[in-house]
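Here come two complexes built around chain A, the first alongside chain B, the second alongside chain C.
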Partner chain A sequence: MGEIGRYALLAAAIVALYGLVVSVLGLRWRHGGLLESARRAVTVWALLIALASAALFAAFLGRDFSVRFVAGASETTQSLFYTVAAFWGGHDGALLLWALILAGYMVAGVRGLRDYPDLQGPAVATLFVIAAFFSLLLASASNPFVPLIPPPPDGQGLNPLLRNPWMAAHPPTLYLGFVGMSVPFALVVAALVTGRLDDTWILLSRRWVILAWLFLTLGLLFGAKWSYVVLGWGGYWAWDPVENAAFMPWLTATAWLHSIQIQERRGMLATWNVALLLITFGLTIFGTFLVRSGVLSSIHAFAQSPIGYFFLAFLAVLLVGSFALLAWRWDLLHSRGTVESVISRETAFLANNLLFVSAAVVVFLGTIFPAITEATSGVKINVGPGYFNMVMVPIAVGILLLMGIGPLLPWRKATPEQLARNFTWPAAAAVLVAAGLAAGGVRSTGALLVFALVVFVGATIALEAARGTAVRTRRGEPLPVAVWRLLARNRRRYGGYTVHLGILLMLVGIAGSSAFATQSQALLRPGERFTAGRYTLEFIGLSGREEPGIDITTATVRVWAGARFLGTVRPERLFYRTQEQPMHHVTIRSSPREDLYVILSEWEPDGRAMIRVLIHPLVLWLWAGGFVIALGVVLAVLPETWRRPVPHPATAARGLPLSAQGTSGAP
Partner chain B sequence: MTTRRKLLIGSAIVVLALGFVAYQGVRSSMVYYLTPTEFRDRPEIRHQKVRLAGRVVPGSVGRAEGVAQFEITDGITPYRVRYAGPLPDLFAEGREVLVEGRLDDAGVLQASQVISTHPPEYKAPER
Partner chain C sequence: MIEALLLLLSVTAAAYLLAPAFRRGPIGRTDPRTALENARVAAVQSLRDLELDWQTGKLSDEDYRAQRATLEAELAAVGRRLAALAEEP
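Right, the complex of A and B next:
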């Protein structure tokens, strides 16, 4: 298997270089045959990467420990599920997965451009730049098929911390998001090269960016969920560089998804939208670099691997090249409109972009701060979560406010009557809820502010939906039909609102769990009780058992809420013998009100056990929000396939139908 | 005043305000990140909050009543650490850890946080 994989990767590197050279020459000489050959090379490259991936899968399934990567991430006792997930349970396999996903996107993206031959050529060349870089890396420094001689009788096994369904799903999802930005990047480069800088590239890339955005969102949430259930500290976000790596492109992609609406409606911000997409793609590569090179987790830069230099060089080539193109085409990107009034939809979008991009800059500076201080003063200085929270909370509050105001402001100019009509009731509802919560004993100003704004935004969306429905019921449509048609006929708009609702739920979860979380611990003898918040816990005792390769110690704990018996929980502590690594199995009793999180942290020889109890209010809504966001994105993206009209010779442009729909509320 | 100018001034105010908050955030949460030897050689930051990277000295780990004591070293300079809290799963003798805290007058690092170096995901354990 190792042989097949090695040769496939070597061939893939050659094909990628061939594709790159041929497509560039084809563009220069305007030679159709060469361009055709480059297009075919896309398929060949994708098949070779698929072959290499299949070889790695086969090596894992066949427990072929003569492949070093397989021996490092699997062992004979490992279940089928985690043997498959071990594919991306280490550096080299994860890069191969990256390439495999790129292969899929590349084939689909190039196919999707068959009606745009002028854009297709440069897009193929751009994608081959990316493909060539990753193929060369896979064929050399990050080759997952390096042999291990002699093969050991058994492998080292997948890191126990990664044996969790959320962690199995996290890398593929995140990479679908990261790599998903490649096709829009290729599109914008193609638009710059050809000078075709009307809205075409935006219409063509929008769907790709929305999908990539969804995968980024889910990837971030899966990672957070993994951290929450596996790491045993009860948190889901720590502003770790690895987390920030995925969060930065999410922020700029979100900004882009909003700012393109100004370009579509008012012909403004054309240059900005190009730059924002270039930066977003650059951040996905930068993120891969941060995670893969270990540059920030090690105490001295680049101590761990030489791959960091390759990545930085690649990133520099991409950014310098694409921004040089932008500078070259600057004159073609003129604005066709201006902001006419401060109180208008345009301003709301501009403010949105200012805040999202500021957030990305804040996270970027905080993440690379140690690298900056090491370069300037020779010592690494980290900034902690305190920095991120201090800056991000006001930004989040500002964005939340805009989320309520923006969608209901008209384009161009708002009149006082319109403002009163749209915002009186939502503002009143927000004030009432805040007053109610304050009277009910909620003391955290930040949380009160967030809850009040969540109510405000929720109320504006409800008001908007209610008005839309009322118009239809007055025409005699029954209520369910009216609601259905309102959603079905304005999918992009209501898809967007649904995503906003999902974000609101997430913010409720984040605000609730960060402002009101409590923790306590006690060293208990069997039979002893202790109280945590409204819960009483009785420690019954410890028991031990063995599973293949794992020693497990279980604490039996009975839980009451007040006088009501809730049940018995059994938090465990595991010890993986092969890896000599302990691990927690925490128990989480989840409810819409709060999570009760019980951990067996350690025990004494005399049978006493340290039981830690964390209470996280409202955290369930964080995960629920992710689900609602996914629904919203599906709603927003669906139309194109549902309503694809008969191609009209004049508008045979794929992608145009989506733009032809009503995209915004102002009449 | 033109709309454009109003927008520019508004943006400038927002950016300056955020810059100020960010500056305060850096000042209040900055932590020196050093090896034990580098920390020893910089007496001027002896009482600052630091994060030291080192290996747990085998045989040095003791735990009682929820308080852990151990030594970390970079091979040259050892420091004793005292930590009241749950140790991370990846914590073990001989492994790399990050310890965040302040040095007390007895020269013991009173840790507020013990972190195992994050990267299980991207680095297969070598043997």
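Right, the complex of A and C next:
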């Protein structure tokens, strides 16, 4: 398998370079044959990367320890699931996965541009720049098929920290998000090269960015869930450099998804939107640099290697090149509209953009600060969660407020009467909830503020949906039909609102688990009990067992909530013999109200065990929010009209009512 | 055996890649109707959004009429350009 893999990667590098050269020459010489050859190179490159990936999978499944990467990330006792996941459990395989995803995106992206041949050529060339970079790395410094002679009888096994379903899903999901930004990046570069800077590139990029944004969101959530269930500290976010690496493009992509609406509706921010997308793609490459270089310490930086600096050079080339193109086309990117009133949707979206980009800058500075201090003073100084929380919480509150205000404001300008009509009830609901929570004993100012704003935003969405439904019921539509048609005919708008609802659920989870989490621990003899919050826990005893490669110690603990017996939980400590690495296997009882998180910390030879208990209120809503966001994205990317009717030109020319335009005018 | 297969694969891929490279032909151009049709769909969508904003009370009647007139003028302009293209031989 190693031989086939090495051949496929070498051939892929040659084909990628060929595709890059012929696409550039084809554009320069206006040679259709060369451009067709470049398009074919996309398919051939994708097949070669697929062949290399298949060879690596086969090497893992066949326990081919003559391949160094396979020997380093698997062992004979490893389960089939984690043997497959080991593909991306190390540096070289992760890069091959990246290339495999890029291959899929390239084939789909180039096919999606078949109706836009003038954009397709430059987009293919841009994608081949990226493909050539990854192919050259894979064929040389980061080749996963380097032979190991003589092959060992057994491998070293996958890092035990990675043996978790959430971590198995985290890298592919995150890469689908990172690499997903390649196609919109190629599109915007193509628009700059050709000077076709009308709204076409935005129309073509939007779904790609939404899809990539969804995968980034899910990747971040899967990583948070892994941290929550594996690391045994009860947290899910620590402003770790690698977490930040995925968070920064998420922030700028979110800003872009809002600011393109201003360009589409008001013809403004054309330059900003181009720059924002270039930066977003740059941040995905910067994120890879952070993960792979080891320049910043991180619990997630599993595979550090000097090739991170190749990424830095690649990033520099990409940014310099693409911003030079932007400067070249600056004059074509003029705004057609202006802000007519401070109180308008475009102003709210502008403020939203400033906050999202500010957040990205804050995270960027906090992330690279240790590297800067090390370079300037020789001492690495980490800023820590205190800095991030202090700066990011006010920004997040501002974004949350705008999430409620923006959608209910009209484009261009709003009157005071409209403001009163739209915001009185949501504001009253927010105040009432905050007062109720305060009266109920909630003393955390931050939590009160977040819950009040969540209610405010939720109420604005509910009000918007209720009014939209009422418009249809007044025409005689039954309520369920009215709701269905409102959603079906305004998918983009209500998909966006559904995503906002998902964000609200996540914020409820974050605020609840941050403000009201409690923890306690006790060293218990078998039969002893202790109380944690409303729970009583009885330690029954310890037991031990062996599984292939792992020694497992289990604590049996019975749990009551008040007088009600909830059941028996069994937190474990695992010791991986090959890696000589201990691991927690915590038990979590989740409910919409709170998570009961039980950890076996340590034990004594006399049978006593240290049991640690964390109670995290509302954390389930954080994960539920991710599911709602996914639903919203699916709704938002569905086409507004299933088939695009071609109007009779004379009808459109006369500007007849929408119902006569081939697309229903009913909202 | 593997070497022979890989050689065959390489020759096939090279032939597939190089075949069109020697055929000189014009590079394709995007049909102008595609962009206009996109602009038409976007304008219709903007009008529907405007309609919903007005019906749900976000816009005054005066602002609604003014914005609707602007969007309809854009739509009509797109329609005229599409009509002109349709009349071209």
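Brief remarks on what is shown
In this section, the second predicted complex is superposed on the first by the 632 of 667 C-alpha atoms of A that agree within 3 Å, B and C clash if a C-alpha of one lies under 4 Å from a C-alpha of the other, contacts with A are read in each partner's own complex, and residues count from 1 in each chain.
FYI, a residue touches a chain if its C-beta (ideal position, glycine included) is under 8 Å from a C-beta of that chain, and two chains touch if they have at least 3 such contacts.
Note that the coordinates shown come from a computational prediction; the quantities given were computed from them, not determined experimentally.
When the shared chain is aligned, chain C comes close enough to touch A:410, but chain B does not.
Look at A:570: by the touch rule set out above, it reaches neither chain B nor chain C.
With both structures placed on the common chain, the touch criterion links A:203 to chain C but leaves chain B unconnected. In the superposition on chain A, A:231 makes contact with chain B only, not with chain C.
Within the superposed three-chain model, A:159 lies in touch with chain B and out of touch with chain C [touch as defined at top]. By the document's definition of touching, of the two partners only chain B reaches A:354; chain C does not. Look at A:589: by the touch rule set out above, it reaches neither chain B nor chain C. By the touch criterion defined above, A:339 lies against chain B but remains apart from chain C after alignment on the C-alpha atoms of chain A.
Once the two complexes are laid over each other on the shared chain, residue contacts for A:485 go to neither chain B nor chain C. Comparing the two interfaces of chain A, the one with chain B and the one with chain C have no residue in common.
Against chain C, the residues of chain A that register as touching in their complex are 3-4, 7, 11, 15, 18, 22, 26-27, 30-37, 40-41, 44, 48, 115-121, 196, 198-200, 203, 264-265, 408-415, 418, 421-422, 464, 467-468, 471, 489-490, 492-493, 640-641, 644, 646-647, 649-655, 658, 661, 663-667.
Residues 69, 72-73, 89-91, 94, 156, 159, 161-162, 167, 171, 231-233, 240, 242, 291-292, 294, 297-299, 304, 338-342, 347, 350-351, 354-355, 358, 362, 365, 369-370, 379-391, 394-395, 398, 521, 523, 579-584, 599, 601-602, 610, 612 of chain A are the ones touching chain B in the complex.
Within the complex formed with chain A, the residues of chain C that make contact are 2, 6, 10, 13, 16-31, 34-35, 37-42, 44-53, 55-60, 63, 67, 72-73, 75-76, 78-80, 82-83, 86. Only residues 3-4, 6-7, 10-11, 14-15, 17-18, 21-22, 24-26, 28-35, 38, 42, 51, 53, 63, 65-66, 86, 88-90, 92, 117-127 of chain B touch chain A when the two sit together in their complex.
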